[in-house]
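The same chain A turns up in both complexes below, where it pairs with chain B and then with chain C.
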Partner chain A sequence: MQRKLISGIAGILIALFIGAIIMIAQGFNPLTTYGALFNYSLIGLFPLATTLRNSVPLILTGLSASVAFASGPVNLGQPGQLLMGALFATIGGLYLDLPPVLMIPLLLLLAMIGGAMWSGLAALMRRWFNMDEFITTLMLNMIADFLTYWAISYPIFDKTAFSPMTPQISTNGWLPVIGEFNTNVIVMLVAFGVIYFVFSRWTAGYEWRITGQNSIFARLGGCKIDKNYVTVMLVTGALAGLAGGLVVMAGPHRFLKGLGANYAWDGVMIAVVANNGLIGTLLYGLFFSSLQTGALGMELITAVPSEFIQVLQAVIVLVVVAGRGTLDILINKTISRRKAREHAT
Partner chain B sequence: MNILTGLINGMISGATPILLAALGGTFTYYAGIFNIAMEGMMLSGAFFAVLGSYYFNSWPMGILCAILGSLFMALIFILFAVKLKTDEFVTGIALNLFAVGSTTYLLRQIFDVKGAFSKPGIVPIPRLNIPLINKIPFLGDILSGQNMIIYLTILLTILAAYMIFKTRFGLRLRAAGYNAACLDSSGVSTDRVRTWSLILCGVFCGLAGAFLSLGYVTLFSENMSAGRGWISLAAVILVNGNPWGIALISLIFGFTDGFGLLLQQYLPSQFTSMVPYVATLIALYFYSVKARNKKA
Partner chain C sequence: MTKPIIEMKNIIKVFPPNVVALDSVSADFMQGEIHAIVGENGAGKSTLMKVLYGLEHANSGEIFFQEVKIENKNAGEAIARGIGMVHQEILLIPEYTVWENIILGEEPTGLFGKIDQHAAREQVKSRIDEFQFNLDPDSKVEDISVAARQKVEILKLLYRNVSVLILDEPTAVLTPQEIPQLFLELRRLAKNGKTILFISHHLEEVLELSDRITVMRKGAKIATVDAANTSKDSLAQMMVGREVLFSSQRIEQIPGEVVFNTENLSFRDANLRIRLENVSLSVRAGEIVGIAGVEGNGQLELVNCMMGMSKPFQGKIVVNNCDLTHAEILERRRFISFVSQDRSKMGASIKDSILDNVRMTHHRLNPKFTHWKGLLLNDVYARKFTAQIEKAFAVVMGSADNEFRSLSGGNQQKVILGRELLLDTPFILLDQPTRGLDVGSIEYVHETILKMRGQNRAILLISADLEELFRIADRILVIFRGKIVADLPVAQTNIEQIGYLMLEGREKINAAKTD
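After this line comes the complex of A and B, so read on.
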């Protein structure tokens, strides 16, 4: 744990330093830039609330990827599952009208079903035809992208709008806002809590983790790895779908073109930096969200375009992951050297 | 007849970027690297192709810049995956996102536009009219007048097949993937072979990117590789890396690409755009069924 913390913080600092060098090369002042960046994402109630709100889709897709990678299936379909979840929640919100107490859970459920359906498709292709989920989920991403684009351009198109989007969903389906804070954070925390509990305390989660580490051992130990595979795919799909539903219900209240943007891929990235750890996913999700939220403020104050953050994120991932590997090698080397010396004496 | 030549030409130009990237991927496939960064390499190639062509007003410079841009990505991959032994899958994902981010950033920074950059100043790669052959009725329209990169691709396919199966480098390449320890113990550094395979992959993906932004169309738009790198990865896996098989698969994908365009008269464009990805799934299905039957 401590080793992870050290390598994580060191990696982020090195990455920020590399970012500073890039900025100096372009003639920007890194200190004012980083100042503006974190000023607009962390200092004050409203920036903090925005950062928290934006972190929800990142953390949920990150959680989806973490659980999937740690349990074996290489589910890279978060972008598609997020879109399908958002589409399902939007359709529910357009055609249903119930009191909020029923409406909000129902829409959240619909979003999860949408995501789980899309990942379930990949899981079925794997179970029935032995098709690698790594490629099928990627292809399903593209298909979901075009499918939702079609849906918001024709069947549920808002006729008063100029670009492809749906009308707003029923106000009963909007997530309530408490002060500055959007309640999507609460939904996310509940989902995180459930997943954390299942994954690290329940037998099911134990079986998933063991399967992820060594599927042969898990099978010989009596785990039903095929059944677990399908469950993990469905659960992770539902998580990504939930992220999509929350984006619609907390943000624009409608399905806009390019809604998912990079949330889901960023989620995969977060899972990768966090080495598939759940707590790590939560922390890195918050950190990446603060970067993305502050990006607009940074663009406002300094001349650095907000796209710079995308570059910075990728640098952080590479440096942290490479740093972790190198640190491990170094530590292992020292340990083995010490052992060798003990042996000699 | 016009529809048929259109379809065939569409097939060829749709297949070219996938084929080029997949040929690059096949080197790393044989070298035993799980390389999923073709998408990113292609994208950065496409961006630098436009940059070079626009600033130097010449398409050879465009191609050169594309190769350099793509090589830069390959060098990052080498640094992290080969030198620092970072997980290849992780490096690939980060590199793809880095490519999307940095090209979007540079697009904004250098050209001051969002979304897409297209100006008359960008010089496209010319088409090659072969005299005599272009006089042949039907075949002339297909064999002649194609983009220069397309002819280059045919040569490169032959070259790749020759290099992998007939040269000493190819033998070492396959050995690096087959049994790295054995190669190392016979005095050839696996890391060096893998480095070269990634450099070759960078060059091929750079060409693929140049074809996308200077051949297929004459512009650069954000994320314009649009999953072609993933399709080429699927193509490599489907035929276990054989260059001739890759050429065939790429042509099939190219055909679905052109077929999708043809379908646009009857279906909304969103559905026709799905065709290549659905085709990949179908191809994967047949591959899996075949693999299972072989096992049984």
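After this line comes the complex of A and C, so read on.
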């Protein structure tokens, strides 16, 4: 745990340093740039609230990828599952009208069903036709992309709009805002808590974890790995779907073109950086959100374009992932060198 | 044989983080000699040769080749200096011909880098004739036998003009009939001035072939002896480090009812090749039945069928009158404790904690390991259980939260044994339970198995180690090409007879009289 924390913080600092060199090479002042970046994402209530709100889809899709990768299935369908979740929540919000106490949970449930349905499709193809979820989830992303595009262009198109989007969902399905803070963070934290508890304390989570490390051992030990596979696919699909539902319910309150943005792929990236650790996913999700949120402020104050943040993210991924392996190798090498010296004398 | 061609001095190799594979090993090899390196699994013989060949890098120590200090950074450098190694697995391109495989990477080229096919073939042909290898340079590798492929590997190195040939267990892939031919060719190479280093743990062939023998044990060199002045017994003693116990220490015990049996168990692999044919065997309470056989004769398939990892197309598996042939794995685990031969692949999840490894299977079968009707793990009980194993099986472990791989091999096996034996099943399946363990741990495992026999459990022990079988089994079955070819009480057989059955699949004619 401590080693992870050290290598993570060291990785981020080194990445920021490399980012600074890139900026200097292009004639920008790194100190004012980083100052503006974090000023607009962390300092003050409104920036902080925005960072938190933006972190929700990142963390939930990251959680989806982390749980899937750590349990075995290579679910790369978060983008599609997010879109399906968003679509289901939007449809619910357009055609139902219940008091918020019922409406909000119902829409969240619909979002989860939408995502789980999409990942469940991949799971079924694996069970019935032995098709690798690595491929099918990626393919289903495309289908979800065009299916939702079609849905918001024709059947649930807002006739008053000039670009593909749906009308706004019923205000009863809007997530309440407390001061500056959107309650989508609360939903995310509840989902995180449930998943963390299931993954680390439940018998099912135990079997998922062991299967992810060594599926033959788990199978010989009596775990029903086929059933677990389907469950993990459904759960991780539901998480990504929930992310989609929350994007609609917290933000534009409608499904508009390009809604999914890069959230899901960033989520997968966060899972990779966090090495599929759940707490790591939460922390890196918050950090990446602060970078993305601060990017606009940075662009406003300095001449550095907001695209620079993508460069910085890429550097962080490379440094942290490469650094993790290197640190382990270095530590092991030092131990073995010491041992060799003991034997030489 | 005057000056050594290779001298290795004080080689130390530590595998990260802290496994000492070579502990200050010094050895020398003469020009034109056949030098065997013998030792048990994990003694360091392969590592020593890999250091010489540049595949592994020593932490300290020096290597002299023709009195010049060298350091091979990779295999390419070693070959350029004239040191080549043939690995156990043969790495050739099946679709290419013999000569194409041999020149690959060192092709004689003509204009515009075009391969001079004629010259290449002629060069290969002349090498084959020079060493009288009896190979057709134009046949495709996929069409020739394993022994011939091995020759191609050797020729590949000779084509690159190596003067030192390292062979890693060259006889392991050969049939008994093919071995004399290989020996003949190796002797001829040595006569032509090549130095041959070969790794083996078959003492008889070592004595037959080599001029000198280096014995290794637990990463240290024990001695280098002239083959002419030693014997199989003294080699064995040096290898194991003590007098090899052929006698068993078990107390006679009359076995009870049949607990486990299979009837006509047959299994086909994905290519429809029959891997198990009508295997019928039974194990009784308080009995240890051993299955002897050369690896790859159906042991793996038998284990997989018993454990439910593969489906037999015919036959039955019964424990305590329960038909388990088509049962789910969890159902089987109520009746079968299983120790696999491969700890890291089948027996444990090495990156997870000891605690998580210990509660496997118990978490589904024993309600004490969970709360809320099996929904939530009971960590308190699992920790108590881990402590129980730590005590009862004399495991040296730090915290139960440490990674499983932080334990030594012997301790890992003790933890696995503890987990499996405490399932309290009537039948215990052990697949090479002492593989890769040091002598002390082997002894401990054997004592534990005998203790289980005393508790009237039925035990099936699959082992490639005949000494082990003779030490603790009551009855030995021999498996050969998927069939059980013999079923003999230990008291009425001997190692030679079983060894012959393992290799040939049938009794030696007039065995009793000629031996």
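One rule holds for everything that comes next: the second predicted complex is superposed on the first by the 338 of 345 C-alpha atoms of A that agree within 3 Å, B and C clash if a C-alpha of one lies under 4 Å from a C-alpha of the other, contacts with A are read in each partner's own complex, and residues count from 1 in each chain.
The criterion applied here is as follows: a residue touches a chain if its C-beta (ideal position, glycine included) is under 8 Å from a C-beta of that chain, and two chains touch if they have at least 3 such contacts.
All figures in this text were calculated on a predicted structure; none of them were measured in a lab.
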| item | value |
| --- | --- |
| Partner chain(s) touched by A:T171 [first = chain B, second = chain C, both, neither] | neither |
| Partner chain in contact with A:R201 - chain B first, chain C second, else both or neither | second |
| Partner chain in contact with A:W265 - chain B first, chain C second, else both or neither | first |
| Of chain B and chain C, the chain that contacts the larger number of chain A residues | B |
| Chain B versus chain C as contact partner of A:L318, first or second or both or neither | first |
| Chain B versus chain C as contact partner of A:I329, first or second or both or neither | both |
| Contacts of A:S163 with chain B and chain C, given as first, second, both or neither | neither |
| Shared chain A contacts, counted only where both chain B and chain C touch the same residue | 329 |
| List of chain C residues in touch with chain A within their complex | 10, 12-18, 20, 23-24, 59-60, 307, 309, 328-330, 333, 338, 340, 345-352, 356, 359-361, 363-365, 370, 374-377 |
| Interfacial residue positions of chain A with respect to chain B in the complex | 26, 125, 129-132, 135-136, 138-143, 146-147, 149-150, 153-154, 262, 265-266, 268-269, 272, 305, 307-311, 313-315, 317-318, 321-322, 325-326, 329 |
| Residue numbers on chain A that touch chain C, as the complex places them | 201-204, 206, 209-210, 213-214, 216-224, 329, 331-333, 335-337, 339-341, 343-344 |
| Complex contact set, residues of chain B against chain A | 76, 80, 84-87, 90-91, 93-95, 97-98, 100-102, 104-105, 108-109, 226-227, 230, 233-234, 237, 268, 270-271, 273-274, 277-278, 280-281, 284-285, 288-289, 291-292 |
